[in-house]
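When the chains are written out, they are named A, B, C, D and E in that same order, and each has its own residue count from 1.
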Amino acid sequence: MKHVVNSMSIATVAGTFFGFALILGAIIHGTNNYLSFVSLEGFLIVFGGTVANAFMSYDSNSVVLAFEAIWHMVKKAKATREGLNAEILRLIKWAYLVHSKGLPGLEGEVGVKIKEPLLRYGIDLVVTGYKPDIVRQMMNTAVEAEYERSITPVMVLRNMASTSPAFGMVGTLVGMVIMLQNIQGDMSRIGMGLAVALLATLYGIILARLICLPAADKLMQKEDVMRFRNYMVTEGLVLLSEKQSPRFMQDKLNSFLDPQDHFNLDEYLKKLAPKEDMQ
Amino acid sequence: MKHVVNSMSIATVAGTFFGFALILGAIIHGTNNYLSFVSLEGFLIVFGGTVANAFMSYDSNSVVLAFEAIWHMVKKAKATREGLNAEILRLIKWAYLVHSKGLPGLEGEVGVKIKEPLLRYGIDLVVTGYKPDIVRQMMNTAVEAEYERSITPVMVLRNMASTSPAFGMVGTLVGMVIMLQNIQGDMSRIGMGLAVALLATLYGIILARLICLPAADKLMQKEDVMRFRNYMVTEGLVLLSEKQSPRFMQDKLNSFLDPQDHFNLDEYLKKLAPKEDMQ
Amino acid sequence: MKHVVNSMSIATVAGTFFGFALILGAIIHGTNNYLSFVSLEGFLIVFGGTVANAFMSYDSNSVVLAFEAIWHMVKKAKATREGLNAEILRLIKWAYLVHSKGLPGLEGEVGVKIKEPLLRYGIDLVVTGYKPDIVRQMMNTAVEAEYERSITPVMVLRNMASTSPAFGMVGTLVGMVIMLQNIQGDMSRIGMGLAVALLATLYGIILARLICLPAADKLMQKEDVMRFRNYMVTEGLVLLSEKQSPRFMQDKLNSFLDPQDHFNLDEYLKKLAPKEDMQ
Amino acid sequence: MKHVVNSMSIATVAGTFFGFALILGAIIHGTNNYLSFVSLEGFLIVFGGTVANAFMSYDSNSVVLAFEAIWHMVKKAKATREGLNAEILRLIKWAYLVHSKGLPGLEGEVGVKIKEPLLRYGIDLVVTGYKPDIVRQMMNTAVEAEYERSITPVMVLRNMASTSPAFGMVGTLVGMVIMLQNIQGDMSRIGMGLAVALLATLYGIILARLICLPAADKLMQKEDVMRFRNYMVTEGLVLLSEKQSPRFMQDKLNSFLDPQDHFNLDEYLKKLAPKEDMQ
Amino acid sequence: MKHVVNSMSIATVAGTFFGFALILGAIIHGTNNYLSFVSLEGFLIVFGGTVANAFMSYDSNSVVLAFEAIWHMVKKAKATREGLNAEILRLIKWAYLVHSKGLPGLEGEVGVKIKEPLLRYGIDLVVTGYKPDIVRQMMNTAVEAEYERSITPVMVLRNMASTSPAFGMVGTLVGMVIMLQNIQGDMSRIGMGLAVALLATLYGIILARLICLPAADKLMQKEDVMRFRNYMVTEGLVLLSEKQSPRFMQDKLNSFLDPQDHFNLDEYLKKLAPKEDMQ
């Protein structure tokens, strides 16, 4: 599964790199005076305004998580659609466990291996012996609450993406006010001042479109997939607490998957040995 | 049914062609210096920025599917509203099969003919003998999950349609900064520079309005019709698993159709022979 | 009821005419050179781009229906809130019919008079003798499916209303590029070129605000009222299949009406004779 | 309660007046040539376009109601959150009535006093003796239908608020086209023409922000509170038809109120005499 | 817990201060004529228009609460996610109380300590002995009604945030009209006038982005967390009225918490003594 992760990252990196290369190529083709695209004032106003707005609008914790999301933009999601098959397999194995050793067997087997807090909580509910309806109800609350907590950084990033062009305009207006009050008929100085003023708008759009919005979209998808996976796991845990057969579990959980990728217990059992090392 | 497809495509192609002809006619009428509408820098910035943003915001798989959707914009949907009648007919035939040979008969008859994964999954559920409620629940999950997977390229295209005008503005700002810093009082050179700068905005709007948005809208409709059809098929499979009569199936499934196109079993039975070859 | 239709149309036509008169008055007051508001290029680009986008985004059928909606903008809705009273009366008459002659009586009486496909379908369901719950379920599916089909032209018109100002801007940019590349210091020619270029933006806004959006809003309301009416009729058909008394039907269906317009069976029975000819 | 109404109106009027005073003060401080802010053409195009669009988009009835809403913007809502306590008291009194004289007693007592059509309808349902579930179902339909009818003018006003700036731009474009075609190098005439053209945009924004949107927001809140009150009254009528005790009614209806304003039957009974005249 | 509050405020204040410092640094670096950023007219129009619109759109009460929200922007929420653990502990203590002394014991113990009106109302419902379903239903209504009341100031602030840039544009248009009518060929006076006119737009954007929107976002989160907490408390009260065991209460209420912060009754009981003073 390792090389899938890599090839995916490669496509993402290649596409991103290609896009940036086109933009830079256009600028290099158009001018050789690169310093004319640098405006300290513009940068300070766009960056400062966006940061100030973020810290005033959200708790500092979420803002820090948003910055981290920018950093980890290229990282792959913990729960990918590809990984859902493995999740189903694990749940079916647990179903066999429950059939052979009962619920306490489940506790002993998985208690030490599972690190993920939400999953631990769910298994605890099953092992405690709560009724399937109660398990489903508690897990649904937990999944939704986890989702709500997880997407606050997305809100922060979307907020920054709508703030930074506004401060781009603030920077341009500040630059134009300074420039207009120094007019003394010198046309080339007007042009120079206007060019510097426009750079703030340029920075604002680029900050929004190449940093904040992509990070927000990427994180949103990651959390959407995670929620989807959590609902599938919830369904599986409910089936466990109902002591359903592994076959039924396979058919029910397959409804979450792309029909082309449906988990097939029979095929799996045939090639069981070489994959036994999968956790 | 073939010529319906064609006539539909013809109307679409004719309308599209007519629209483009008007735009080109206007430009040809206005100038004969067509090169003045070409700006390599503008194109590189708009295209590069849109592509980079797409690859940074979504997994590369979805981006590729979005590009394919642009390519196949004119193609007809797999499930058209016109085709729903044929679907109902097929389901009713299966109902007869179930009445005469029982559920195993259904398996033998359709097992080899049906290629579509979702439908295969649904029939398997019915043949396995799950209760109607379980069939409905699993199929609903499967239909919604399929829909969620299918519309990711729509999200990518809508994202590109909002990104490309933004990079059109980036290109124009870059062009204006370059132009403004070379001002030396020569009015006609300013005009030339401004004209080139404005082309990036022009490209950005056209990319969004004539390529990304139409492809997104077309794909969205295709997937909406597909989901509608999948819910109708789900209803039909539930009726099959309830072993309802073909008459009842006709009345219930007709509620999904335009009342003017309602499937009429009696009329169908009269002219059965010539259409027997329909799969 | 005829003169209500007319008076309503008169208010609409008068308001529309008054608004247009103010706009034209302003233009006539401001200039006598009306030709300066004509730009063939601008018109071709706005109209061509909007049409091309519509045909690329939607199936040609819906686009044609959208154009028809523009044409019929002033026409009155088939189902007006005023007409709901007459619908209730008709349903109550059917309730008397069912009480006196049973369900077959309903079939004989209304089978020939009812042209509307959805209503025919609903009555067929009642006459076939389906249980009230089944009738409600099938009719709800049918009403929602009909609504979905009906509002596609609204989507097309809203799409056109957002496309036409974009192509107005395209036209203005094209005009400005042409103008800027022909600058030779002649200030009045620049002004002339700019004026022509701006006309495309003007056309784009007017096409959106005085044609596409009003047609979309009008059609949307028409279909919303129709859906509301269809749900009321569904409720009435369910009551028929439950063989409820006409009194109960009156009270239940009145919940859909403005309390001031509640249908009153007693008052109706008093003045029954002169209105007997109402179908 | 009268002086609450007044003090509220006073705060609203004072705030509004204060805001307008600041705007006018700024203009008076900036110029003494007030005629330069008058443009007949601009006003005609903005007002005419907005009116024409409204009459084309909505039935004339709703447009007239929207104009009335502008007029009555300052008026207080029929059902205020403050008045909900009195509503609960009234419902509890009716509960005593039903306990002492039965449902017919309710009819005799309130039949003549209640003018409001929706409430009359609800009481009629209770007095007729329908089951609580039926009462709730009918009243819910009636409340939602009333709400739908009531907010159409809000839609009209929001539509006008988005139309008027668009026609402000139309007016500015018309003014600029006229001005640009009369350029003859006279710089001050260009400035004058541009100033007049910009006035249309100014009018469009002010019409939207100081007239249409405030009227829409005010009306929306009024209708939201009314719906909230209607659901509370529905709950009360259902409790009446369930013949619940006044205590239970108090506890259940209090859930709709701000906990700090909860109705307390005991306190009310203590000071019953001086308030007996409340209807 | 005190220092958590402080450290959180410190991060917020630091981030905000840092952002503002960057903006001011940019201005100081760009000019030393700070008076050129002051425009009394611009300020009066933006502030006056925004205030007038707010008072016309909403009742004066909500507008005052909105102004208070601006003032208290940095204050910490009453119910933080961190505080939810303490809430659960309190509910579990009450469960012990109910087990040992019955519902009246709950009344005596908590009747005097609880100041919060919503919680008092909920406990009264439990003590009165209403069935769990009734308690849940009433509390849900109360929580939603409280939420609706609480977020009106958020609506006011969002309204102000969309109004103030519009009046920024009004101020700029007014300034440009005044300037354009005084043109007499003096280029530097035009520049000066334009600079002053642009300041209104600058003020409008800053008022929206650094005052209104952050205050709205902060208040919205505060109320969202409060609602989340209220639903958790509702769940706890329902469990109390069901006389569930403290263990079950722990497991059920934990579903609202981050799995990493789950309340653990056993761990709590171990270190009970030092925390006994917690209320």
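General observations
The working rule: contacts are C-beta pairs under 8 Å (C-beta built on N, C-alpha and C of every residue); 3 or more make two chains touch, one makes a residue touch a chain.
Nothing here was measured: the structure is a model prediction, and the numbers come from that model.
Two copies of one chain, subunit A and subunit E, form a contact in which under half of the residue numbers belong to both partners. Separation between the centroids of subunit A and subunit D, computed from CA atoms only, is 42 Å.
Rounded to whole angstrom, the centroid-to-centroid distance between subunit B and subunit E, based on C-alpha atoms, equals 42 Å. Looking at subunit C, one finds that none of its residues touch two or more other chains. Shown here, the protein chains touch around one cycle, each chain meeting exactly two partners. Ring order of the chains (start subunit A, then subunit B) is A, B, C, D, E.
Residue ranges on subunit B touching subunit A, taken from their complex, read 40-42, 44-45, 47-61, 63, 117-118, 120-121, 124-125, 128, 130, 134, 137-139, 141-142, 145-146, 148-149, 159, 163, 166-167, 169-171, 173-178, 180-181, 183-185.
Per the touch definition, subunit B reaches subunit C in the complex via residues 8, 11-12, 14-16, 18-23, 25-27, 29-31, 33, 36-37, 73, 81, 187-188, 191-192, 194-195, 198-199, 201-202, 205-206, 208-210, 213-215, 217-218, 221, 228, 251-252, 254-260, 262.
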